[in-house]
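In the two complexes below, subunit A is the common chain; its partner is subunit B in one and subunit C in the other.
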Partner chain A sequence: MSAPRNTFLPRFAIAALVGAALVALADANLNPYLLSIIQFIGLNIILAVSLNVTNGFIGLFSLGHPAFMTVGGYVAAILVIPPERKAALLPDLPAFLAAQEWSFLPALIAGGSVAALVALIVGFPVLRLRGHYLAVATLGLIFIVQSFAVNLRGVTRGALGLSGLPELTNLWWVYLFCLVTIYVCWQLKHSSLGRTMLAIRENELAASCLGVKVARMRILSFVLGAFLAGIAGGLWVHLVTLISPSSFSFILAFEIVVMVVLGGTGSITGAVLVAVVLSVLTQLLRPVEEAANLFGASQMIVAFVVLVVLITRPKGLFGTAEPDLVGWLLRPFRKSKAA
Partner chain B sequence: MGGTAILTVSDLSKRFGGVRALDGVSFEIREGELAGLIGPNGSGKTTAFNLITGVFKPTAGTITFRGTRVDGNPPDRNAALGMSRTFQNIRLFRDLPVIDNVMVGLHMRHGTGFWPTVLRLPVARRSEAEIRRRALEKLEMLGLAARAEQIVGSLPYGDQRKVEFARALATEPSLLLLDEPTAGMNPQETADLGRTIQRLHRELKITTLLVEHDMKMVMGICERLIVVNQGRMLASGAPAEIKADPSVIEAYLGRRRKDGHAAA
Partner chain C sequence: MNGAYLLSQVANGLILGSMYALIAIGFSMIYGIVRLINFAHGDIFTIGAFATLASIAVIQAPFPVVLAIVLVVGAAVGLLIERAAFRPMRGAPQVTGFIASLAVSIIIENLAVLTVSAQPRTFAVPAYLNRLIPLGGLNVRMIDIAIVLLAIILMIALVLFVRFTKIGVAMRATAENYDVARLMGININRMIGIAFAIGSALAAVAGLMWGTKYGQISPLMGVLPGLKAFVAAVIGGVGSITGAVLGGYVLGMAEVLFVGLLPPEYSGYRNAFVFGALILVLLVMPNGILGRSTEQRA
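Let's look at the complex of A and B:
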């Protein structure tokens, strides 16, 4: 927790503006393929930072993100598809849904909200579990949501999925929600409320004897993570223009968990950095894998890196700390000013 | 000091499988007093604390705190009602700075909810400043202000116990339960902390129940002692009476080197 709270806002504003300039530059100059890669990086940032609220701040090992992405993705997609197309694609859709034609932002937020609602409902029984049991239960949630998606054919078109979704996601949307996610999670972590989350992670019994409502905080973190994952799901499906029950699998859950674990359980900076590095690495290694016919090599490398990090730094690269990257990046400018 | 009871424990029992950790214990703690709860190892003192604060549910018996039944309450409810405690086996938030440990205790009474926090409303900023101010105040009371920003897990043992004490004060309790706050301290530190406990009890007017093995210290600072042995009440009264009580002497001499350890 090196960057004190009162310097966060100006730094965040500077970083956000620099980021916006970079986004504008990228948007104007890069080809769609590269742009989509950057958007996936952004989505990974949203996913890693939001999973960090449960897995890092409060110390609940959840693998549930893909389930919430699926929920958020379907909800956003169904709300956004124009009624004419819905009539063809989903003839059995209940009338009140068939008539909806939402614009993108409210549809994304609705997706996030329904995902949050699911988290709220399953949270009460599931969050009683700890450690491996919770991991398995949230893994189960992914399969449950998937089987709902397969079987609720009237709403989801079953295993076929919904294809030809409008290509609404662009770099600006992804960037906006990256900022929102980082801002909310940072404010939370560096607040009295967030401190009670860290306290629960460190010693649950002591926290509850100090009046911390442990169950309520657990639910809050789970619901917040689910909301952001639901939004990421909505963004994702309108980037790839497709959603099916298998769009977001448990493999994705492991990828996000790896980002959180590597970055440091509780470190937002760590989650962002590792999300970027891992996404770039996978992209760079893909052509190599294809050329050398070594499919899966990047997963093996990632697995190896995870092992090394966990053995040498069990709390991830940064633990709960937030190294001051903006200050570090600005240092050369400061020096030249002083000279 | 008034004679009204702030805490009444009646016929309290707790079994762990075959072990009767507590067996029909009854006592009262009066408003404003500094009382000691003593007894040989394994006699059920920590278990009594765990039942009173709600960490465990009693097998039988009742606990009344400031006029309401609290047996079976969860710990956070009892904390809100005004109980606070330290732990015999230190339970700090190890990876957090000293001051953050104390600030967690202040959240219950001075913190804000989710929306003011993430929207960074003025009320949240004021509450954060207030929490920090009060936390520093508690640290100063225990002479820990200089260590405020250190990670608590890196502090020497004695200081960690003091952080537990400061953190317990942070909930602004009306009843403070201290479970062997001097364990592992040398005689000098023990005497110092004894004086601190006495001073804070006087200044803050918090009713205090102290579990302590150092007889010299307990006898020196407590106004009244409650003695338990093997899960049962043995005696209660002024230190001088207790010191002279044959059953107490018998219990201590008879079981001097036996150990029964399990604590929260």
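Let's look at the complex of A and C:
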């Protein structure tokens, strides 16, 4: 089903180092526009892999990622803005918040934690639902969070949003959290905890007969996904330096879900690959779209591709498997050695 | 707060509820037979509104003709979507169909934005529909009465159809047990097609009502009413037509009263209220008001 665990750590370390070298190279040579595109790709990887924990491992169908990103984004933004700017931007902010000035990393983690807390509170009622009901309830969560963001004007500045946020996110931060996300999710999948989750996905009744605490595992995976989504939200808003209630819409939920489903629900490799391919595809199509004055065409193409893949490969590209891409890439070299 | 104000709020709730109920019926029928939540349903509502606008503005059709056109367009689009997107996936896991419906919805929305532009359009309705009629101490527009009456007529027609015709019995059998119905010689694909056609036609009529009532339509107008109608279907009990009607009226009434009776600073939480209500209802009554427990199968 997957590579034995002991080969993962060295490979991961090597891949991380190679990635770091590439990041350093890109950071030094590329223009800011290309860098920001690479960062969006990284963010999509974080989002797809973290949603995979909820939707792929345990088989819950959540669309709530944008809600958690909104929560994480607002929390991180409010904590990071310096007090003097807060006084101008948000005069009605409660005093204990107005005095805060956090550095980036703790603010991100706080954003993730608040998102996780929201997931925990919402999770108890919502996770009793299955399949479709859960999907609609989490979609509803996006609208609930949005209406709070619009109406709690004292904290969020309403529909205007918070603009002019410091540009703190850079390629290194995104890369770091990509690594953390992939590492945590990979180790989770190949631990007994992750196996328990997969068991629930495959047959909930059988799993609970074997003594698996289904409800607890569901909450755990939902909360973990939400935590990472909250962090991604914090990174995102400090990349575009803006957050508004409509920053993360349900279209985004669809895009992330598509990455997970196309990659194969449960496959981390698949999620990463599709996240990269889809983000690059969208970026390539954007100039075409603008030139031809056909806005929305790229979304349509993506949606169409999704339909075709769903019809021809209902399990996604890789199913739950983690194909050995490194081995596959190296195969031609090995063959030449043998010959 | 006086009696007339309360009465007019109730009337508004009834109108909104009628529209929710018509959309919710389609959700419920389709879910009842194929266990699919059709996200594109809200977009058929949009298509209905635009079909209305087109037939009023372009061919200046009289209102009953417009209604007929909208019904036919809605049914045709529903059939087309089912044939093109959902039939090839028959037998796949439930989630597959759900994502497919999201994809269809995104295709329709972007197509609509590309063809008719995202600008909201105003809706000119014939003058006689805007005439004020005194009714129980309250002046209501002709259109308001027409909406409620039309919705009720359509619902009664549907219930009679499902209860007493041969096709209706076959549809209920299919919803009851898909496989056994097939063994009894019922053409399943035809039943699913009919469910899509009827459900979509009703959603399109709801689009007509929305446009004439609120006077403005746009390509993305269907997203929220579609989702809320789904909430209504769940509250009533998914799979049951009477449940969908009940849920539609309960939700429409609750939403209007929430906005109308609470202080104005809470009215922004309208959507939060609706989706919060969904979560609450599912907590207390996981199968909705009239739904039966069918989901627990090992």
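Here, the second predicted complex is superposed on the first by the 328 of 339 C-alpha atoms of A that agree within 3 Å, B and C clash if a C-alpha of one lies under 4 Å from a C-alpha of the other, contacts with A are read in each partner's own complex, and residues count from 1 in each chain.
Everything below uses one rule, namely that contacts are C-beta pairs under 8 Å (C-beta built on N, C-alpha and C of every residue); 3 or more make two chains touch, one makes a residue touch a chain.
In this text the structure is predicted, and so the values were computed from the model without any measurement.
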Combined model on subunit A where subunit B meets subunit C, clash or fit: fit
Which superposed partner A:214 touches (first subunit B, second subunit C, both, neither): first
Touching partner for A:176 - first (subunit B), second (subunit C), both, neither: neither
Partner chain in contact with A:141 - subunit B first, subunit C second, else both or neither: second
Subunit B versus subunit C as contact partner of A:294, first or second or both or neither: second
Touching partner for A:205 - first (subunit B), second (subunit C), both, neither: both
Partner chain in contact with A:277 - subunit B first, subunit C second, else both or neither: neither
Vertex subunit A angle, Cα centres of subunit C and subunit B, expressed to the nearest 10 degrees: 80
Chain touching more of subunit A, residue-wise (subunit B, subunit C): C
First (subunit B), second (subunit C), both or neither touched by A:307: second
After superposition on chain A, the shortest CA separation from subunit B to subunit C (Å): 6
Interface residues of subunit A shared between complexes with subunit B and subunit C: 203, 205
Subunit B-facing residues of subunit A, complex: 1, 5, 9, 183-184, 187-188, 191-196, 198-199, 202-203, 205-214, 220, 315, 319-320
Residues of subunit C that touch subunit A when the two form their complex: 31, 37, 85, 88-89, 92-96, 98-100, 102-104, 106-107, 109-111, 113-114, 223-224, 227, 230-231, 234, 265, 268-272, 274-276, 278-280, 282-283, 286, 295, 298
In the complex, subunit A residues that touch subunit C: 61, 122, 125-126, 128-133, 135-137, 139-141, 143-144, 146-148, 150-151, 203, 205, 250-251, 254, 257-258, 261, 294-297, 299-300, 303-304, 306-307, 310-311, 314
Residues of subunit B touching subunit A in the complex: 53, 55, 74-76, 79-80, 84-85, 87, 91-97, 100-101, 103-114, 117-118, 120, 124, 127-128, 131, 167, 170-171, 264
